[in-house]
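Two complexes, one shared chain (chain A), two partners (chain B, chain C).
Entry: the complex of A and B
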């Protein structure tokens, strides 16, 4: 889940969906140095990645902190995201709103977002404004002034954000409960935005402690993509971020691990706003960071073949051939620090019932466990992944996000660049093995969203 | 912002209601700055496209629109244009649905269609070295969709499933009632997805008739960006669009003014109340359009420093989102304000919004605010509109449908700079002195109309 200090641009409060697939597209087989990515570190430990793209006079500037909601202290859920909002308040050097006005003045975009594992701040501006952006961003890394006067109203904003995203949406409420059931010990069981009763209690002391612990150059990654040269970024980074003292060394991000899962669980929710039932089923699986070599790539391709789009088995079988579902699919969230989730979902259409859809999904999973996948469908899935990287290069913000999220979850520039080769190396047997090992129906969590008067699943 | 929602949490398993009341289309492009070199390409058969050549990424992005859209749906067959957009990749020419999608997948191209009240549009993104196959498939989809019965039935039942799924969703209900309250009998009041009943009446021949009358060369707008030159594009234009009829046959759609001065309260026990206000708008070709756009930017435009953002969110913490938008559809204009706030403070929030509007109507913006808004609009154009091949192609088609001219990106700098404070004050008074239409979705509002 990704939350951001969203501005409701225009008529639609568009969700800031800077969501990255695990399958972070990378720069493969790209000739010419204009696409070469540079990376280096400043003396204070801040990592820097530069992705030149000279097609338009635009540059995207991002700072990623290696802290997210899964790093929060017990009882303080929501502090990572709340703090993200507080970063837009005043500093010792600049009044609240000054940075935002500076961005608006040149027609720039700015925003921020928080996930389980990282928090990022970004602006897209003309290249001549890059130094100003870096100056302001470096300033708020250490010089924020947090008073009760700014904390109170902003906490109210967050509570409204929670009501908008979660309380107003039965599906979101259920997803929270499914995650809390699926993860028995990992902090991914707690929603990024936080539980309502804990958000209500967050205060200045919590915010200050969080800031002092995590906001330092040695816990941050600078990603600059666009119409700028690496040398220039280096010069500016040293002049701005480079002046900030290194913070205390943070311990490795070792969090509570999942115990062995031995039960099949269901979470059911009925709501008057629901007319058609739907279900999801999830399993705990390794992420790109915790998997054995090749296993996360296999899970990624498994999700694509099983339920990645209109050509997937679930869609073709349930929606097209049997005609029993209005939607059916699967997804895997691989770019995570700890073990993550693999999910299948579906909703009935016409005369079909929810149980029929769920049974049909189970049949497709069992088929892959028993017979594996064909060489042809694996080849097509690989091609789609590899091609997605070429399309990703069409947008500098996409590229910045791919590198930022990978590095912020413990990966490297090389991981991104070698990803296509690792995808190409996956065999049909690896897909079959991953399905058999992880998609065990006796260790799953099913979530059912049901109409209020329904008694039948 | 970049949307990268592939294989992600955003594709939730459950039908999620959006926060927005989405009957309003997104606003037209507002501003420009010249950085891209646009060529006008005219094919042998007279089809015109705007082209931006760029070889830095080996892809080609194509964007096209046919004027018309769901306001052309025949009465009783609402949802026809929308259903059609689901069928272009479900069989064309000699290829049935499965064969077509398989070839598209093998070519590595992405094809998508969508509709609005005013147009049916398509977009394609292809790898440059697979363009022969990709353009051939696009030609088949555009000129020779099959409308086979099996895909019609399947796509229709998926749409119906979505309609049924949202039947008890308060925001869906509110959108429908709100559109009817604002637009009355006009086609803009109709649900563009149609209803279960109207969709049930649509047959393959209805789709063929709509395709024949609405897909023609005289209501077509095309833009292409990427690794392709003008000579090649000329041939591609005739290949894809050259066999379409020369003239479209449109039913006339009247202009409609939103019905203001009304309050629509939709009572529902929600923890958060949605508020929408509709004021008069300004047509894109009106002389005071840019003055209105600047005023709207100051009032509640997309930055963290608008007046509404400051008063409602920053100072009082009443809402997470609050913003305004200047909406221009082909046959109607409006200025809208929307927010969502905790229900026990909804009356207070509405009062604050009305107060901000009243002050803008009476006094207009300050000279400093106008200066800042101008700078924003000048700089934001490239960032919001030109940051990818797809974005550029979309922008070029918008410029065509708005009839702004191929040189608009150069001209807009002077046009925006020339707007005076008095013009902005005048348009603020003209639009915002009017008693708006107000929609309240949530528990009954204490304190009346605010």
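Entry: the complex of A and C
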């Protein structure tokens, strides 16, 4: 059993990021598309999405809860991720580990992850085991046994996870403080895994309150992709999840918003464990949920043109042409409930210094603000987005991820399906305008990771 | 009628800061002291403190509520201060303005202020008017008429207050973002006046919820100083405040705490309205409420020796001796519920640059960390604290402020009375240890206020 904490920002693997944001064109664009996505709701409010794919006799079963770390009460950071761990404990009907054992027995695999905006559980198994997966998953939605004897040891596990992932990793510690400096009011300023001193205090009362509030069918989305038909999924869903009573109605996810930023901020971490310096620079920008029409799509393409992989301007200019950087790029976290971040980054190579790399990144940003992008490179970026969906199509779990993350952040099935057309519609001027509006060098938040001997970046 | 927002940090006038933190020795140290402070509680839980002072026929009447901006719900910044304004509106028994008119008629004065941790209302009047003040003040504790017609126009007043005090003041805007960068989890990161976009959304529902929760005798402290005896205050208090029903019990004021800081952070504001550059550098440190025994006293004396006025090291070295700074100093905000800030600051003079001033400040900090302070300068700092209470004694409102702010942040009458002895007990080693423990140059948060033409500090 692998438990996962998916920190959507920065640690999101590039490939998955691409898949999550760029895979959707598959549905609308590919001649003879193989998917016809069905969506419906159960009587208790649980949303269901079915993505049939009969190329192989496997099925991916996911349940997404519309709750993540950004929904945690003040002072209780880490409870969403902690709860993800607790979902692998015993229920009134099954001992701890029984579900995982069953998955292993039939040669399947399972995982779970927590982000700012959602928590998801999934198994990939043979179609004949789907009903069993649903039965177990429905069971733990409401029947967990949350005693102090369960909570205490698992809290120690989480504390150890934080030690190994964050405390032992200067870059991770720096990122936490950069996030908290970038977001001064939104809950994205708080790490998904939680702050050590707050995790230490999490207890049974917190866990029970969280479970009772958020783990209910009307706050969940079932996504099934693979070798199964919608009618069969519906039948099984009604038989399993459909038996669970609707939970209390949850208010809209209205969270504190960022105030206007008037300053340029830096966060500097000097640590003996760092051998090569690096920097990142971030801005608060709209997400797909908060943007005006077309703006999030423009930011997505801007990140692709500026720093999305080896064809991007930053990589070509800094790594290939000037040879001053070992890495340079940009990314945009679009699939979020609230305003999100746009980030550029780089690390020097050879004789080059960090400042030189940062200056070169700034030059590329200013060049886009001043001159925009060419129709040709925009077209190529759009095509790269379209091509990247090939990866998604080849993996039913990727398709399930796209629908699950979109729906869990407030989007719809139609949003996913119309996304390729919205990407196609972006003009070079929109890219230039987005860069000029959001990537203001005097309003940025930069993080510097420096070796101990360095006195100055 | 002057409505006040007392931003405890930075904008606190130096004189009042001195009075608030240093006046207490009066009570224990001065031979033939004129005050004998009484304290008791009413049956409904309202605390009462009486500080008789018969030198002049005036009396200061204050009511302190144990609620400030740090108690606001997420997303509702500014409601505590907004509510302070609403307290000057009409009640079921008196029209808006009637209370103020009465104060003016009898030649008194009144004011109110809101901080992170408390909100206070006070009037200074002749003793014969005390009962009238209590009657009015008790009335508005529970009988305010909170309609949309009252709320809407007052919200416009607050928005205008924010525009004139903050938006038109680059230094104030910078301080807000420095605070939000220094405090990444504690509510002190949020400005007392509130963020513009959140003030705009405050409404009748928010105001009513806030009033019903926090404005009750069991969350209030009555402080009366001046030409009156405790028995008379008790009699009047029972007749007025004593008639108000106890409100719902409030949970302890347990707020999110800061995570460990691992970085050095900067916040830079460049603005055409700035003519002379300046900087501040701050650290999160314990307050009198959160410190281990003696630590807050050591921080208080450290701030005094390092940068408390013209006799301090920073002033003597940078302004007088080197002549590179027009100002330089330090301050510590000790009277707070949670961990607070210790700040140093400076501005260059003549040919000197900002970096030169910052470096010189850092030299003085490192000198104390390395060599500590002398017994002689510590003794003098203690004596300055003692002497400064002369100002407090001369002003009954200052005495009322000391008791009110101490009690409203979780301290006791005994804390105020024992404070001089605790200050006396601080050793040079404790000062050195406090500097070494808290003023780490690699973990600071610096703010830079720069003229528009400057490219580099």
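Quick notes on this one:
We take it that the second predicted complex is superposed on the first by the 426 of 457 C-alpha atoms of A that agree within 3 Å, B and C clash if a C-alpha of one lies under 4 Å from a C-alpha of the other, contacts with A are read in each partner's own complex, and residues count from 1 in each chain.
By definition in this document, contacts are C-beta pairs under 8 Å (C-beta built on N, C-alpha and C of every residue); 3 or more make two chains touch, one makes a residue touch a chain.
Being a predicted model, the structure only gives us computed values, none of them experimental.
In the superposition on chain A, A:248 makes contact with neither chain B nor chain C.
With both structures placed on the common chain, the touch criterion links A:174 to chain B and to chain C. In the superposition on chain A, A:198 contacts chain C only, with no contact to chain B. When the shared chain is aligned, chain C comes close enough to touch A:259, but chain B does not. In the superposed model, A:441 makes contact with neither chain B nor chain C. Of the two partner chains placed around the shared chain by superposition, neither chain B nor chain C is touched by A:353.
Of the two partners chain B and chain C, more residues of chain A are touched by B.
Judged by the touch definition given at the top, the superposed model places A:270 against chain C, while chain B stays out of reach. Residue overlap on chain A between the chain B contacts of one complex and the chain C contacts of the other covers 170, 174. Chain A contributes residues 1-2, 6-23, 34, 53-58, 88, 96-97, 100-101, 103-111, 124-126, 152-161, 163-165, 167-172, 174-175, 272-276, 278-280, 300, 303-304, 308, 310-311, 319-320, 323, 326-327, 329, 331-333, 343, 345-350, 380, 383-384, 387-388, 390-398, 401, 447, 449, 451 to its touches with chain B in the complex. Across the interface of their complex, chain A is touched by residues 74-75, 77, 170, 173-174, 176-177, 180-181, 184-185, 189-190, 195-198, 254-257, 259-270, 442 of chain C.
Chain contact summary for the complex, chain B toward chain A: residues 1-20, 22, 24, 26-27, 35-36, 54, 56-59, 61, 97, 101-102, 105-106, 108, 110, 125, 127, 154, 157-158, 160-162, 164-170, 270-272, 302-305, 309-310, 313-323, 325, 327, 336, 338-342, 372, 375-384, 386-390.
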